[in-house]
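Here the chain labels run A, B, C, D, E, F, G and H in written order, and each chain numbers its own residues starting at 1.
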C-alpha cells in the first residue's frame, strides 16, 4: 500500500491507476487479516473441502487451486470414489475410511503442547470421532481417544479419569440421549465441545434428541456444534488448545 | 347372575326381564374386574380428580359423588381457591401447596414393605416430585426423597447411594436436559420411572428436551411418563412396588 | 478390600500398591453393586448388544468379551449377515428373523411365577413385539402374546380378557394412533408398558403420533418407552415381574 | 339472463348495456348457486361471525349487515363484553357463556329427523362441545349429549350405547390423547366427526397430540376438524344429518 | 340368546353351561350391532386389509378368513407381488395399479342414488384419488372424477361446476399447499372431505403443509382425513352419501 | 478520495494521514453505494426503527440520530406510550394505532405511477395490512386496499377484479390457511407478496400453517415474507413498484 | 362476445346456443385476462410442467397439448429418461442436466434490458441456481451468475460488487445457514429473492434452517420462495425485472 | 488418604473405621479434582445460582451455604424482589437490572491478559450480552462490548475490526436470523461462541431460527450455547481465554 502511494507521489503512476489498485484493497486487507491470525496460531489451518454435494471434477478443481498455496489439504464427507480420483493426481493423498476424510499433507506442523481428548458414548459414534481426530491432528494437535464410554455404566468414565486430567480440551460425541457431555463437564472444568450424532432410532429423530440434551446441559462449560460435525469440533478444539 | 337365571328357571321372572338385566351385565362385569384387581393390590387406589379445566362447582360435584364410596380422594393440579371451597364441606381436606394437591383421607392403608425413592435434578423440579409423593403415600407406600441431585456434580449422586440401594422403585424427575434418569439407571437395576419437567428455558422447549433424552436413554430399565406428570409416576410406582 | 488392607497392615504390600489397587475400587465397587442387584433379580440379565451402527468385527469382539462371563447374550437390531458370522464361532447362536435378535444361551434361568402379556394393535407391530418377547424370555419370564387386537373392533379385546387377568405385567405395542395402551390400562390395573411403533403413514410421523398418544394417556398406570423399543419394554417388564 | 338477451334482441337495450350486465354475471351466478344449495338444505344456515381478532364496532357492523337478510345469526369465540354491546341493539340476542357463542334467532327452522350425538372425553372439553351444539341446533338439528365419557373406564361408553344407536351423526370431542374418537368409531358405523381440544398439559402440545391420534385413527369412519373447532364440527354434522 | 335361556329353563343345559355361553355374549352382541348398522347402510361395507407392513402369507391368511363371510374384499397399499400371490387362489381378484388396491368382488351392491365427486389438484394426487374411488365404488356408490383442477388457474374449477352441483359428497385431494379444499367448499355447501397428499417438495414436509391448510380452512363444511388416506375418504363419503 | 490523494501528492498531508483516512473508506464506499441505489429509486427510503425489545430512551436516541439526516422516519411495532414520548419532541409525529406505526415526515416524496394493492383475507389481518400500507405510502407509493376478501366465498374476489388489474404489485395478507395468495396469483400475473399472519387458533400454530401454504403455492409468482411482517411486504413492494 | 350477440340479434343463432356459448365465457374471460397481462410483460411466459410425480405418458400428453399454443415449453424436476422420451417427438428439446430442466423453444423473446444476478453460497446449490437461470432466460432475461460466494469469507462478496450494481434483481440461493441473502440485501437495495436449499446435514433439516434464516432476515428487501424452488425464483425475478 | 492408611497400620483406627472413611473418598476425590482444576484456572469460578423456578427462601438458603466457602457468588435470571431479599443480608450484593444478575463479590481475581469481546446484532439482545459480561468479569476477564452491529449494514462490522483483532475470544449474540456469528467467524480465526436469543417475532420461533442458523454455520470456528444463555457463553469464554 505504501508503495502504491509513494509511486503515485513520485509520479510513477496516475490517479486512475491508484484507484484501480485500491479497489481491491478491502479484499486483500481482509485476506491479510486472516493470514495474520493464522500465523498467530502457528499456521495450523488446513484448507478444507466439504465433499457432499460436489462432483468429482469440482473437487479436483478445488484441490488443484488449493495445492498451489502449499497448505495441508483436508476433504471431509468424502468416499472411496473421490479418493481414487484424487490419488491419481496426488500420490500422497491418504483416505481414512471410517472418518470419510482425505488428507494431502504438505508439511509437518509444529505440535502444540496440550492434548485434545475425544470421547464417544458408543461404538456407532466412532466415524464422527475419527473426523474430529483427523482434523485436529492435521492442525498440529496431539489427540487421545476413549471410545464407547457410555453412561449406562458410569464406572467406565472413571477408567478414563487420567485421560481427562491430562487433556486441555475435551470433545464428547454422543447420539441417542447425548447425556455424556454433561456428565464429563460435571467431572472436570476443561472446556467440553459436544457433538450430537444422528445415531439411534425412534424418538432421537436423527440427532435432535442429543442436540437438545447438549444445548440444555446443566453442567457449565459445554458448547455444541452441528449434528455429526466432527470436523467443526476438531477445528474449534484446535483454536482453543494451547 | 346366578340368581337372575335361577329366578328365570323358577319362573319368577320373564325372558324379557332377564334380557333387560343381562344388558347391563357387560358393564357390571367390567367394573367388577376393576374392583377385583384393586383388592388384589390391597385397595390402595385413591379416587383422583384432575382439576385443571374444571370449575369449582364441577369439582365439588365429583368429590361428593366419590366420597360416597369411602375411598381416599386425591385432587391434582388444584389451587388454594379450590381447596377453600372443598374445605368448607370436607373438614379433613388437606392442601399441599407445592404439589398443588388436595387430599381427603378416609382410611389408613396397609403400608407396603418396599420403599419408593423420588429424586429430582433441581430445586425447580420439586413441585412435580411432591405430586408424585402425595400420590404414592396416599396409596400406602413409604417414600424417600433426594432433591437437587443434579448431574453437574456427579458426586452428589454417590451421597444418596444408600437410598438407592434401599428402595424398590425409583422416580427420577428432571427438566432441562433430563440426563439424570439415565445415570441413575446406569448405577442400579431398580426400575426407574422418569418424569420430564417443563422447567428451563430456551431449547428445552417446555419439556421436550428432557422427554426426548429420557425416551432415548441408553441405560436399560427406564420408562417415561408425560411432562410434569408427577401423579402418573407416583401411581405407576405404587403398581410395581412390592 | 478387607484383604488389601490386611495385607498392608501385615506389611505384605506397600502404600503405593494399596493406592494403585484402591484407584480402581470405585469402579469395582459399582460393578459389584450392579451384580448384587442382579442376583436379587435372580440373575436374569442377559448381556445385550445393540447391533445397529456396529460393524461385524466390532460385534464379534464384543460377543467374545461377553462370553467369558458365562452370561446369556442377546443381540438386538441384528440381521442374517451378522448371524452368519456369529454362528461360525458360536454354534448355539439362534436367530429370530422377525425380532431381528440373536441369542446365545449359556444357562437356563429359574423362571419367575408371573406372566408377561404382550399385546399388539396390528400385524405390522409384531417385529417389535417379538423383540420384547425374546428379551423377556431370556431373562426367565413366561410370556403370553395376543397379536392384532386393534381398537377398531373393541370386542377383540374382550376375547383376551382372561390373558389380561392372568398376567402380571402387560406390554402394549401399537403404531398409527397408539390408543390401545390407554384402553388396556382402562380395563385393568396391571402395570402397562406402552411401546409406540413407527408403523403407519402420513401424519403418524414415524411413531410420533402413537408416542404422544401414549404419553398423554388419560388412563392411569401407563408408562412409555422409545419408538420401536421392544427390548426396553421386555427388559423393564422383567424388572417388575414377580 | 334470458330477459337481458330478449331485451337486446328486441332492441330495448344496447350492446354495451348487455356487456355491462353480463360482466357481473359470474358473480351473481355463483352467489345464486350458494343460495340454491342452501335451499336444498332447508335454509338451515345461520350467518356466522368469528369474533376473535375483531373489534366490537367491527362486529356490530357485520351483524347489522347480516340482519338485513333475515337469517339467524351466530357469533363464535365471543365474550360477555361483545354480548353486552350487541344486546343493546338486538334485544333477542342470547349468550352461551360456556360455548362463548351469541345467537340472534330470526326464525324457527324446520327440524331434521335425525339426531346428532355430541360426546366429550372429559369435563374440560365441554366448552368446545357446547359450541358444536349451539351451531347444530341453530341449523335445525336435534342434539343429544354425553359428557365425560373418557376411555380410562371403557364401561362408561356402554352406558351410552343407546344414544349411539339412536343418532345419525356423532361428534367426539377429546383432548389429551384423543383416543375416544377411534373407540366410538370402532363400536358403530355412524359417521364420526372428531374434534381435538387444546385441553391438557405436557406432551399434548395444545392439541397436537389428540389431532395426530385422530388423524391416524385405525377405525374407519372418522374425519377430523381443527383443534377446538366446535363450530366446524356442528356445521359439518348438520350437512350430513338427514 | 333366547334359545340358551329356554334350553336352560327346559333343563337341557346346566347353569355352568349357560355361564360359559354367556361369557362370549358381549362380543357377539357388539358384533351384531355392527352388522345391523351395516344392513341399514345396505351392506355396502367391504372387508379391508391394510397391506403395508404385512407379509404375503399373512395377507393370504387374512383374505382366506374373510372370504368365508362372502363379503367383498378390499386390500389397500398393495403391490403387484401381493396381487400375483392372491391371483393364484382368487381368480377374480383385480388389481388397480395406480390405486395400489386389490379387489375381490363377491356380490353386486345395490347402488346409492347420490354421486360422490373426487377432485384432485394435480396429476400426482391421482393415486390417492383412485384409492378413494375403488373404495367408494366397491361400497355401491356412483363416483365421478375431475383430475388436475388446481388452483393456479381458478377457471378450471368453473369447468366442473356441473359435476359439483350434481354430486352429494365431494372428496378433494391435494398436496403442496392444499388450498383447493377450501375453495371448493367456498363454492358449494356440499360436504367436503379433504385428503392432504405427500406430493411436493421442500416446505410441504411430506403432507404437513396441506394437512395444516385443510385443518385451518376458513370455508365451512370441510373435514380432513390422514395424509394420503384415499381409503378413509372413500369410506367416509360412502357413510354420508344418500 | 481524489482529494486525499491530491493533497498527499501536493505534500499537504503525510502518508500516515492518508492511511488513516483510507481505513474508513470501505465503510464510506459501501454507504455511498447504498445512497446511490437509493437515489435510483427516487430516495423513497424512510429510516426505520423496529420498536419491539427497545426501551423508550433507546428509541428516542435512535430517532434523534436519524432526524439529522432529514429522512422520513418510520417506527414499527410501536405503541401509544412510545408515541407520547416521541410526540413531546417531534410535534409532527403521527401514530397509526391499528398499524402500530409512528411516522415523522420530513419531506414529500415524488409519487410513483404504479399502484400497490393490499388485500386481506379477514378482518383480523388488517393491522398487518396497515403496517404495509403506512410503509409503502411513506416511500411514495399509491396504495389501494381490499379487506376481508376471504376465500370462503370466491365471488368476493371478482368484486375486486378491477383493483387487481389496475395495480402493479399485490400484497396478500392472510392467516388461518393462507390460501388467498395462491388464488390471487392464479388470477393475475402481477407479482404477489404473501404475508402470513398469526391470526387464528388450533392447528394454525401462530402463523406456521399460512406460512407453509404460501411457501408451497402452486400458483407461480408468489413470494413470502415473515409472519406478521407487514413492513417487509410494504418495503419490498416499493422496491418493485414502477 | 360481440359477435355472439350480433348473431343472436340477427337471428342467426338461437337463445339456447347463446347460453351454451356464454357458459364458457367466465373461463375464456379469465384466461384472456391472463393473456393480456402476459402481453404487458412481453409474452415472456413459458408453459411449465412440474415433472415430479408424473408418468412419462402423462408428461408427453401435457407437452402435446401445450405445443399447440406455440409457446416456449419448460419442464422442471425432469430427468434423462423423460428427456429421451420427449426428444423422440420434439427434436429441438434441450436438457440441462444440472438444472434438471427440459426446454422446447418455439420463438425468441424480446430481451429485457435489466439483468438478473443469481448468487449461490456453495457449489452444492448450483442445481437450484441453474433451474432459476433456465427459467429466467427462457422468459427473455439476461442472467449473470456468481457461484460459491459463501459467507465464511465475506471478501468473496466484494469481488462481485460490480455484478451486484449492474443487476436489477438478485436471486440468492443458499443451504445450511442461509445467511447470504441477508448480507447481500444489506449491501444493496436491489430486490433480493432468497431460495433456501436442502443442501447440508444435521440440524439444517433439509432446508428448514436456511428457510427460517431467510424469513427472519433483518435486512430489508428480502422475500423467500420454497426450498429448492429455483423455478419460482426465476419466474418471480422475471416478473419484476424491467 | 495416606494418613488414614498409616493410622490403620499403626493400629490407631479399626478396619471398620477405614471402610467408613473410604466410603466417602470417591466423592472427596472428585471434589478435589474439581478444585484442583479450578486452581489451574486461577480460581476464577464463581458459585452460581440459577434463580428461575426457585423461591426466595430457597435462594437465600443456597447463598448462605455458598458464602461459607468465600467464593464470589453469582445469581442469574434474578429480579428486583430477589435482590431486595438478598441485600438485607448481604450488604455488598449488586444487582444488574439489564442482565438480571446479582453479584456478591468476596475477593478480587487476578485478571487474565486476553480480552473477551461481546458483540450483539441488535439492541434487544443486550440483556443476554450483559449476563455474559457480568459472568466473565466476575471470573477475572477483561471484557469489551460492541452492541447493535447487525448484518443489514455489513459496514458496521468494519468499525469494530480493531476490537475483533484485539480480543482472544468473541461472543456473538443474535436473535431473528442469527447470521452475525457466521460473518464474524468468517472475518477472524478467533474462537466464536454464538448465543441465539429469543428476540424477534413470527418464524423465529422464540430462538429456534437463530439456533439453527448458528448450528449450521458454514464458517469454521463457531460453537453454540442454549438460547438466551449469556451465562454459559461467558463461562465458556473464561475457560478458553488465556
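The rule is short, and it goes like this: a residue touches a chain if its C-beta (ideal position, glycine included) is under 8 Å from a C-beta of that chain, and two chains touch if they have at least 3 such contacts.
It should be emphasised that the depicted structure is a prediction, and the values quoted were computed from it without experimental measurement.
Looking at subunit D and subunit H, the chains in contact with each of them are B, C, F, G.
A turn of 180° superposes the CA atoms of subunit B on those of subunit F, with the angle given to the nearest 5. Centre-to-centre spacing of subunit B and subunit H amounts to 39 Å, using the average Cα coordinate of each chain.
Between the Cα centres of subunit B and subunit C there is a gap of 25 Å. A straight line joining the Cα centres of subunit C and subunit F is 59 Å long. Among all residues of subunit H, those that touch two or more other chains are 26, 30, 34, 122, 153-154, 187, 202-204, 208, 211, 215-217, 220, 226-227.
Remark: the chains found to touch one another pair up as A-B, A-C, A-F, A-G, A-H, B-C, B-D, B-E, B-H, C-D, C-E, C-H, D-E, D-F, D-G, E-F, E-G, F-G, F-H, G-H.
Here subunit E touches subunit C in the complex through residues 26-27, 30-31, 34, 50, 52-54, 58, 77, 196, 198, 207-208, 211, 226-229, going by the rule given at the top.
Against subunit D, the residues of subunit C that register as touching in their complex are 121-122, 150-154, 176-179, 182-183, 185-187, 200, 202-205, 208-210, 212-220. Considering their complex, residues 1-2, 5-6, 8-9, 15, 18-19, 22, 25-26, 29 of subunit B touch subunit E. Residues 30, 33-34, 37-38, 41, 45, 48, 161, 165, 187-191, 193, 211, 215-217, 220-227, 232, 235-236, 239-240, 242 of subunit G are the ones that touch subunit F when the two sit in their complex.
Note for the complex: subunit G touches subunit A at residues 122-124, 153-155, 158-159, 199, 201-204.
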